[in-house]
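Listed below are the structures to be examined.
In the two complexes that follow, subunit A is the common piece, with subunit B as its partner first and subunit C second.
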Partner chain A sequence: MAKKLLLSILKMILLLTAVSIITFALAELSPIDTVNAYIGENSISAEKRAQIEAYWGLNEPAVTRYLKWAGNILHGDMGTSMIYRKPVASVIGERFSLSIKLMFVSWVMSGVFGLLLGLIASAYRGSVIDKAIKVYCLLLESSPAFWIGMILLLIFSVKLGWLPLGLASPIGMTVEEAPLSDRIRHIILPALALSLTGVSKITLQVREKMNQAAESDYALFARARGESKWQFIRRHGLRNVMLPFITLQFGALSELFGGSVLAETVFTYPGLGNVTVQSALKGDIPLFLGIALFSALFVFAGNLIANILYSVADPRIREGGHSI
Partner chain B sequence: MKNMRKHGILNRRTLTLIIIALSVIIILAVTAAGFIMDEELYAPHFAEKNLPPSGHHLFGTDWMGRDMFARTVKGLSVSIYIGLLASCATSVIALFLGVIAGTFGKYASGIFNWFVDIFMGIPHLILLILISLLLGKGAKGVAIGVIVTHWCSLGRIVQAEVLALKDSQFVKASEKLGKTKLWIAFHHIMPHVVPQFIVGLILMFPHAIMHESSITFLGFGLPAEQPAIGIILSEAMKHLTTGMWWLAVMPGISLLIIVVLFEAIGSHLRMLLDPYSAQE
Partner chain C sequence: MNKDKIILEVEDISVSFRMYDKGLSKHDLTVIKKLNVTVHEGEILAIVGASGSGKSVLAHAVLGILPSNASVGGEIRYCGKQLTNSLRKEKVGSEIIMIPQSVTYLDPLMKAGKQVRGLKGTKQQLEEAFRRYGLDKSAEKKYPFQLSGGMARRVLISTAVISDAKLILADEPTPGLSEDMAAETMRHFRELADQGCGILMITHDIEAALKAADTIAVFYDGETIDCCTADDFRQGRDALKHPYTKALWSALPENGFLSADASELMKGAL
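Coming up: the complex of A and B.
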């Protein structure tokens, strides 16, 4: 167990190194001029420009700069953001604290509703409820997350006026100053938009696994013993569904991160997703690289947790037998 | 059984074929219409600004008086074109890498899995933005971005299929007869993998087109003067608060319909190709 954990952490470090090399190389090859991002709208003399380049060490060869960058990251220094004029780590930290709330709420919502809908669809297999849930999932899976966000905005903010149009706090107030009720009101729509698309995948998968379980011999035997539908789901179904559910739920972190970029753009929610777009549009390479690396770490951490939960949830691994 | 009774003479297989044919026809019609469309149809007419949907303008007009129906069809055809191109290319890569990883033993599959892990590890949207920046935005950046990021899951499916085939009797027999690995790959493995591959390719399309529109929506994709769905929706975003709901709703639903049609083709084709469900 401990050995396996160590191995997967080692693998994670190796993968992160590869990711850092790839993203750095891609950014290096791109035609973006980092100095332009730094100076913004101001025009400067060639001399001053050379000075800035020398200051940021842009004259050195790419490999040297990569090694320096990677070395600094190991010391916790991710460089300085060109557009925010702040250390990258603190920009990411600040904004991620907003994004994680959004992501966590929608992650939990899509997990709970996905599981519930899947179980219900399977319990009433072939009925109108089952078909309705299936159509609902297929439609949601086929619509882009940002469009769902726009439609929600249109209905609940523009037409009905129940919820705010965007941002994370009322205008003229920072997020810290805003009362909790306001913060919640601002998070509802983006979280809903983000979780709606996540639900369908989980529901369809849970439904299929449950249907498989319901057609098995042990299901027949359980029914013969007189177990009711919900007893069967509780005693046998859930155990079968748990493993694919864990995989899906933790594997969804990558899509969740991408989705949060879109949802935050639609709802002008000032989280990490918004900063991602800003940094890329304005050519703030240090910040964007930091975010890319951070997002990879986020995804890998999710995979690692899924692996650990696997060994708890799967009796075959838990009992120390052969792994799958 | 239920379906057969309901549809009388039509059995399940005929019905499936009809659904596939209809979907293909609609998609082809939209694509063709977009390509041969006269630019005048979606040119600005400032006398007809901000009109809600009506018989004359099916999807209404925008703040420049452009007919949204024509723009949507044009945008869809651009999106379908790029999406098809990208999903074909990425599927071929997936097929190629998956077969190689499955056939050439432990090291090949080790390297393959490692690369899949890397590409799955970075959120696709981030990688798409990075590649789009690298190639200076525009259609090329989007297409290549989608190609680079989307081969992973289909590649894994192909690899698993190949690994399962490798244990089959006929492959073992071929090996004993001294055939090379490459010969086996092309004569035994490929024919089995191809049906799965075709379904995978078609089901790849919805992902491709949605990523294409997302990245365009964020401002890293197609240029603003092109009537792509992502552009139309990001423009609609700016006019959402003015109550011009049709700008966002109609093009979005059209995109949704196209994606659903592709999924219908993919899943029904799978039913036909899969021997377990083909005779139902």
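Coming up: the complex of A and C.
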């Protein structure tokens, strides 16, 4: 176990190094000029520009800048965001606290609905219900999250006016000031948009695994012992579907992160996804690098948790001493 | 107990599977053509027959657990009543019990004790069954992958004896068991039969069948070709009618393995 953990940590360090180098290189190669993006419409003199470049250290060679940045990171200093003029760590912290709520809600929703729909589809295998769920999932799976987001906005905000058009709180209020009911109202649509694609994936997988379980010898035996369909699902089906479900659910964290960027953009939800887009468009390299590292870490943690849970949940690994 | 009371009566049943070939064409694969068996109260009926002769399919047909592409013809009666799906709902699992052929019928992720108890078994019944089949108490908490082949087999048998069975369909219950355990199982079957149970035991092992069973039905290629008492068998070759059964008799060790290969003989006979 200790060896495995050490290996995981080593893998993580390698991953973070690779991510930071690639992100840095991409930012270097991008046509966006940081100073231009920063000053926007204003025009400034060449001297002024040189001053800003010197201040940000932009005229040093790329390798030097990367090494400097990496050295600071090792000391726990993620640098300062150029557009927010705040330490990168605090920008990420603030915005992530909004994003994590959004992601958590949609993660739970896609897990719960995915499991339920998958079970129902499998229980009524081959029926109209099963087919309807399958078609629904395939449709959803092939539609991009932002498109779904816009449809939801059109229906629930524009046409019906039930839910707000965007942001995380009513206009004129910070999120902290807004009452809980408002905050919930603001999170529903983006969370829904974010969860829908996840739901279809989980539903289809759960359905597939449950169908496999229903065709197994132990399902036959359960029937021969007088267990009804739902008794089988409760007593045997669930425990056999749970393992792949756990892997899938935690593995979905990476897609969730990617999806949140789109959902937050569509719903102008001021979370980390939104900031990611801003930092990329404005060439805020320290912030962009910081977010890249942070998201890599987040996804890595998700996969690690999935692995650990899997080995705890599967008796064949837990008590059999087999490794994953 | 009434030795004349019929518990299970299978009359001229046939089973075929609808097979889908490449593309849209399909054909029916008939695996049981015309099977007849009768099990009385207190009787142990052994079914012998080559691999693939349709023994397991028969048991599954009685239990109503054939796959959906199977179609069944003929009649199955349980205690005089036609065994319909609604009657099955009532009886299968409580009175009609199966001991499956392989240990893969155990749920790989459920502990043995819980599996043996099933829906209705009590703790006492579980402990009693485990004691009887020499299973340690610690085996209750074990998953199938932690059991040896013989232990898993005994767990399977325990699942059956925990109920108030009237009819036990045992699909090769003894392979993998030690001689003692196999003998204990047979003793137990006899005990259950004496209490009024009917037992249909599928086996490859004619010797074992002869020791434990009252009646022996011989299957060949989806048909019951012979049905005789164990006594007929013991009396010797001349008491047996069908050439295939005679060949089976000759192949027994104490009869000197007169191995006129049974299936060879069969080809000549038909």
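As a working rule, the second predicted complex is superposed on the first by the 316 of 324 C-alpha atoms of A that agree within 3 Å, B and C clash if a C-alpha of one lies under 4 Å from a C-alpha of the other, contacts with A are read in each partner's own complex, and residues count from 1 in each chain.
The rule is short, and it goes like this: a residue touches a chain if its C-beta (ideal position, glycine included) is under 8 Å from a C-beta of that chain, and two chains touch if they have at least 3 such contacts.
A quick note: this is a predicted structure, and the numbers were derived from the prediction, not measured.
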item	value
Subunit B versus subunit C as contact partner of A:316, first or second or both or neither	second
Partner chain in contact with A:235 - subunit B first, subunit C second, else both or neither	second
First, second, both or neither for A:282, with subunit B first and subunit C second	neither
First (subunit B), second (subunit C), both or neither touched by A:139	first
Touch count on subunit A, higher of subunit B and subunit C	B
Which superposed partner A:224 touches (first subunit B, second subunit C, both, neither)	second
Partner chain(s) touched by A:65 [first = subunit B, second = subunit C, both, neither]	neither
Doubly contacted subunit A residues - partners subunit C and subunit B	none
Parts of subunit C lying in touch with subunit A, wherever the complex brings them together	60, 63-65, 89, 92-94, 97-98, 100, 102, 104-110, 118-119, 143, 145-146, 159
Subunit A residues touching subunit C - in the complex, by the definition given at the top	216-218, 220-227, 231, 235-236, 239-240, 314-316, 319-320
Subunit B residues touching subunit A - in the complex, by the definition given at the top	114, 117-118, 120-127, 129-131, 133-134, 136, 206, 210, 213-214, 217-220, 233, 236-237, 240-241, 243, 245, 248-249, 252, 255-256, 259-260, 263
Residue ranges of subunit A touching subunit B (in the complex, touch as defined)	15-16, 18-19, 22-23, 26-27, 29-32, 138-139, 141-147, 150-151, 153-154, 158-159, 165, 254-255, 257-258, 261-262, 265-266, 276-277, 280-281, 283, 288, 291-292, 295-296, 299-300, 303
